[in-house]
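Both complexes shown next keep subunit A, but they swap its partner, so subunit B is in the first and subunit C is in the second.
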Partner chain A sequence: MTRDIDCAWAGPWTWVGCLNKSSGKSRQAQAPTIVMFLVQQDTDTGLLFLFRNLTEFLSLGEHSSLNFITQLMESIQAKQGLVGPNDPIQRTQLPYVTGTSVVALKYKDGILMAADMGGSYGSTIRYKSVERIKPIGKHSLLGASGEISDFQELLRNLDELILYDNMWDDGNSLGPKELHSYLTRVMYNRRNKFDPLWNSLVLGGVKNGQKYLGMVSMIGVNFEDSHVATGFGNHLARPILRDEWHENLSYEDGVKLLEKCMRVLLYRDRSAVNKLQIAKITEEGTTISQPYALKTFWGFTAFQNPTAGAEGSW
Partner chain B sequence: MLAKKGVNLPSFRKTGTTIVGLIFQDGVILGADTRATEGPIVCDKNCEKIHYMAPNIYCCGAGTAADTEAVTDMVSSQLQLHRYHTGRESRVVTALTLLKKHLFNYQGYVQAALVLGGVDCTGPHLHTIYPHGSTDTLPFATMGSGSLAAMAMFESKYKEGLTKDEGIQLVVDAICSGIFNDLGSGSNVDVCVITKGHKEYLRNHLLPNPRTFVNAKGYSFPKKTEVLLTKITPLRERVEVVEGGDAMEE
Partner chain C sequence: MFRNQYDTDVTTWSPAGRLFQVEYAMEAVKQGSAAIGLRSKTHVVLGCVNKANSELSSHQKKIFKVDDHIGVAIAGLTADGRVLSRYMRSECINYSYTYESPLPVGRLVVQLADKAQRSWKRPYGVGLLVAGLDEKGAHLYYNCPSGNYFEYQAFAIGSRSQAAKTYLERRFENFSESTREDLIKDALMAIRETLQGETLKSSICTVAVVGAGEPFHILDQETVQKLIDSFEIAGTEEGPAAAPDSAAEGGSAAEGGAASEQGAPADEGVAPMDI
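This part shows the complex of A and B:
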């Protein structure tokens, strides 16, 4: 049986394919059978998806379907604008509007996560009401630091993922472990294409009584831990968490510990703003608090009069 | 030229460090870790980073070890001469001004970041001095690569009017936070407490990194060369030394 496959570019990441199924016996006698199909390439994972009635392909038989796929790949590659290794990078590589640290910890009933609401544009604090913690599905919370637009793009991806998950309607739902795995794959594959999503993500959730807290960085480094921090929180909040976190923290103790970390970040991180949200996730569900401000103390006598006894110095 | 062949210049011996200071109700407490690094290698496990400036003034140093040693040594001698000249106890601001003048003069090339603390007739003082010569006067200060970890401790736990024990505990907490959370700091904790008319230099106040696994049986090495005979011959005087010889000719 001869097989003729050709593809035409139909849009970004999309091809229209045409398969001419004709048996070799008597081409003239039989009317040629043309099968049209749509091929879409997933932007993140690179997989090819064929959209067509399955029976048309099933009739191809095993041996010839492999042949078919090979010819399909070849015809696509011939049409694809491949980027060579020495071509200039075609996507932007700098973060513009960025969020600062996210701090999260496991407590007795679930996960607590805190992030301030600032979006800095370089050295100015441009946006002061950016929600950097969002609930995903029924079982997880996602907090992000880094480029805000990349975070919003991720939220769209996850929306689609959760939608498809809900459409299965099988009583099962994506839990925090699965989402963490998905995010790791996305971040890692993007960095391999030199087009990273410039974020450090914190994913926390509770499913079937199991608490889960994990982190993914923009290069795809991922791990799971009892307490995590991104950005400046790595240097300022981690020592405090390592010292004072313990199993089975109560809700009040957990919030106090998070506030302690956020207060130190507020004092010592230049891109922090005094407006934060604390999010809680337990088996029952998610709550994200209203934005509020931390109390700060500036009343040291040394600050009031720093050069007492040493006039002329500063 | 050699660098192209892969031979790198040896990196400078740095004190990738955590140094802290705080003012408590009676005076000043300084603290430091004890690790000195040469690139990725720990070259000194137990070095001294709290340098003597005057009987009532001590200075912790971070940055290039040679620079901190040399600059604190030099200013310490200058202070000594000044004490002889004036007949008075040195003041912390004097040390501060001498240090910042020197560092500014060298435009940051003398890479010494210092925490200077002491108690003089005008009261307790704590200053930080940066390699380019700028200074700050603070109630609590941290410097070095572990400064963020130590500052996290200070910002969450410091309050005015600490007692001596509370102050020492807070300094130890801050240095330990640097030792365990920063790769450039490690080994032991040194503390120095300075009050009016009295100082306590607690070298190796805390040793949180002991050598954990030591062979309980000890080590016995196989016998090498056998000793056949031991004979001791004391030295004998060959020349008579006459005391009170002629004075050296000018």
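This part shows the complex of A and C:
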């Protein structure tokens, strides 16, 4: 009698184990028996399956119980995020709720930065009103892509920094250059501890007439440029900016250019949502626009009758 | 100041509300050789009298560069001064590393003053004249062993500093608008005041400058001697040797100034200086 042992993997803590005592037939036809075992690294004892849902079965085929356990152990270890008692200490994370690209450029009076308001949970667009651009102190704007909770942690951190800076009350204040350097130190030191803040940050600002725009990645790579982007923006928006950006863009031209970039991202980045904010910072101060949507065009002939060439498809 | 039963410990108050140990520490500053500082809107100049113990030994180092934009002159226990300037350098460099920006002087002096307030340590027996630049302009601060700090337009500390202070008090209102050269000249004159009749030579004094676009640096001996000669303020025991250098704006002003104030002109028939 063959025994098909099925187990499923749909994310951390969503193990499903089913022991099917019958053979051969299509799995869907059998009523599965759910068995719970205890997981240990040494293969003497059994395995623990936490029941969550019964989707995406993966068959291990015919094996003796010991082999089955061994194979399953390996597949457990291969799954990210779970660490056994004998493993070396590590704190590598996975991002859970993520924001997509941020695009920014220098214009005549200061910096313009744009980001959409989406927070994706894997492939689901879960949150649609996430503010991913925030003002920091009097002189800077911070935009972030990547893990939203890490961005919020950074904001708390920077809040305290700016508070202490203000408490000196001596006329000196941290400008965008100082904040950029500080963030680089933070990101790099976290990466060295294998505990990164899973973000790509864009820091822009104006102080004493000097415009500043820089980027810091989650491993601490940092640089300064006239236009920057994170994530997909690097591939889709920056080529546009390289061609069309020039010194002393007016505010209207800057916004138009940013909207052009964001539109391309909207069409082509699956985690983009059509709800964005554009932020502006000048010597006078910061303004973050109300959320708005871009006009899109889907009336291409190829979309009109998509199944024209293959009846029955969708 | 007399010895009394409340002065053994820095943590003991006297009935009159004084901490004698701190006051004694301030006395130590008065024993050190003079240091002076003065500032304009864009530059700060520090100067000090550097007497060697004997002809065989080198001079005590009293002016320290803390960062490109900050320098300090000390008076009192120079060993304490060395320790504090090492602390200041470390603070500046740490700030620079994190923020890629120069530490504002005002914040450094507050940190320095706070360091003085440790009850388990004796007070630092050194007065510090901190000169520096930040985005608000040029600053000169005096940090004293009590943990107080004040900002000054011009100041002098150490032995016979009162003479220099008197000279600076007469002139300080013009310092804001002074040029760099005038500021250095005033510093040299103030140093000369503390010498009480001795000739001013570059071998016994040190001058340092910091300004907008000019990192803090100590002027070398030849430059200082040239400046002394060109300003013609060496003193009265020996007139300045040979003809003075092309003095730029300092020369005629020095003659006029020197003649009116101290009666020590460059030509023959020098009158004795009245101190």
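General remarks:
The rule is simple: the second predicted complex is superposed on the first by the 212 of 314 C-alpha atoms of A that agree within 3 Å, B and C clash if a C-alpha of one lies under 4 Å from a C-alpha of the other, contacts with A are read in each partner's own complex, and residues count from 1 in each chain.
Basically, contacts are C-beta pairs under 8 Å (C-beta built on N, C-alpha and C of every residue); 3 or more make two chains touch, one makes a residue touch a chain.
On a predicted model such as this, the values are computed, not experimentally measured, just so you know.
Contacts of A:R268 after superposition: subunit B is touched, whereas subunit C is not reached. After overlaying the two complexes on the shared chain, residue contacts for A:K177 are found with subunit C alone; subunit B is out of touch.
Of the two partner chains placed by the overlay, neither subunit B nor subunit C lies in contact with A:G122. When the two complexes are overlaid on their common chain A, residue A:N208 makes contact with subunit C while staying clear of subunit B. In the superposed pair of complexes, A:G285 makes contact with neither subunit B nor subunit C. Annotation for subunit A, partner touching more residues between subunit B and subunit C: B. In the superposition on chain A, contact of A:R185 is made with subunit C only, not with subunit B. Common to the subunit B and subunit C contact sets on subunit A is no residue at all. Residues of subunit A touching subunit B in their complex: 232, 235-240, 242-243, 260-261, 263-264, 267-268, 300-303, 306-310, 312-314. Those residues of subunit A that touch subunit C in the complex are listed here as 168, 170-172, 174-175, 177-178, 180-182, 185, 208. Within the complex formed with subunit A, the residues of subunit B that make contact are 23, 92-93, 96-97, 122-123, 125, 127, 135-139, 148-149, 151-153, 155-156, 160, 173, 177, 180-181.
Taken in their complex, subunit C has these residues touching subunit A: 97-101, 104, 106-107, 110, 134-136.
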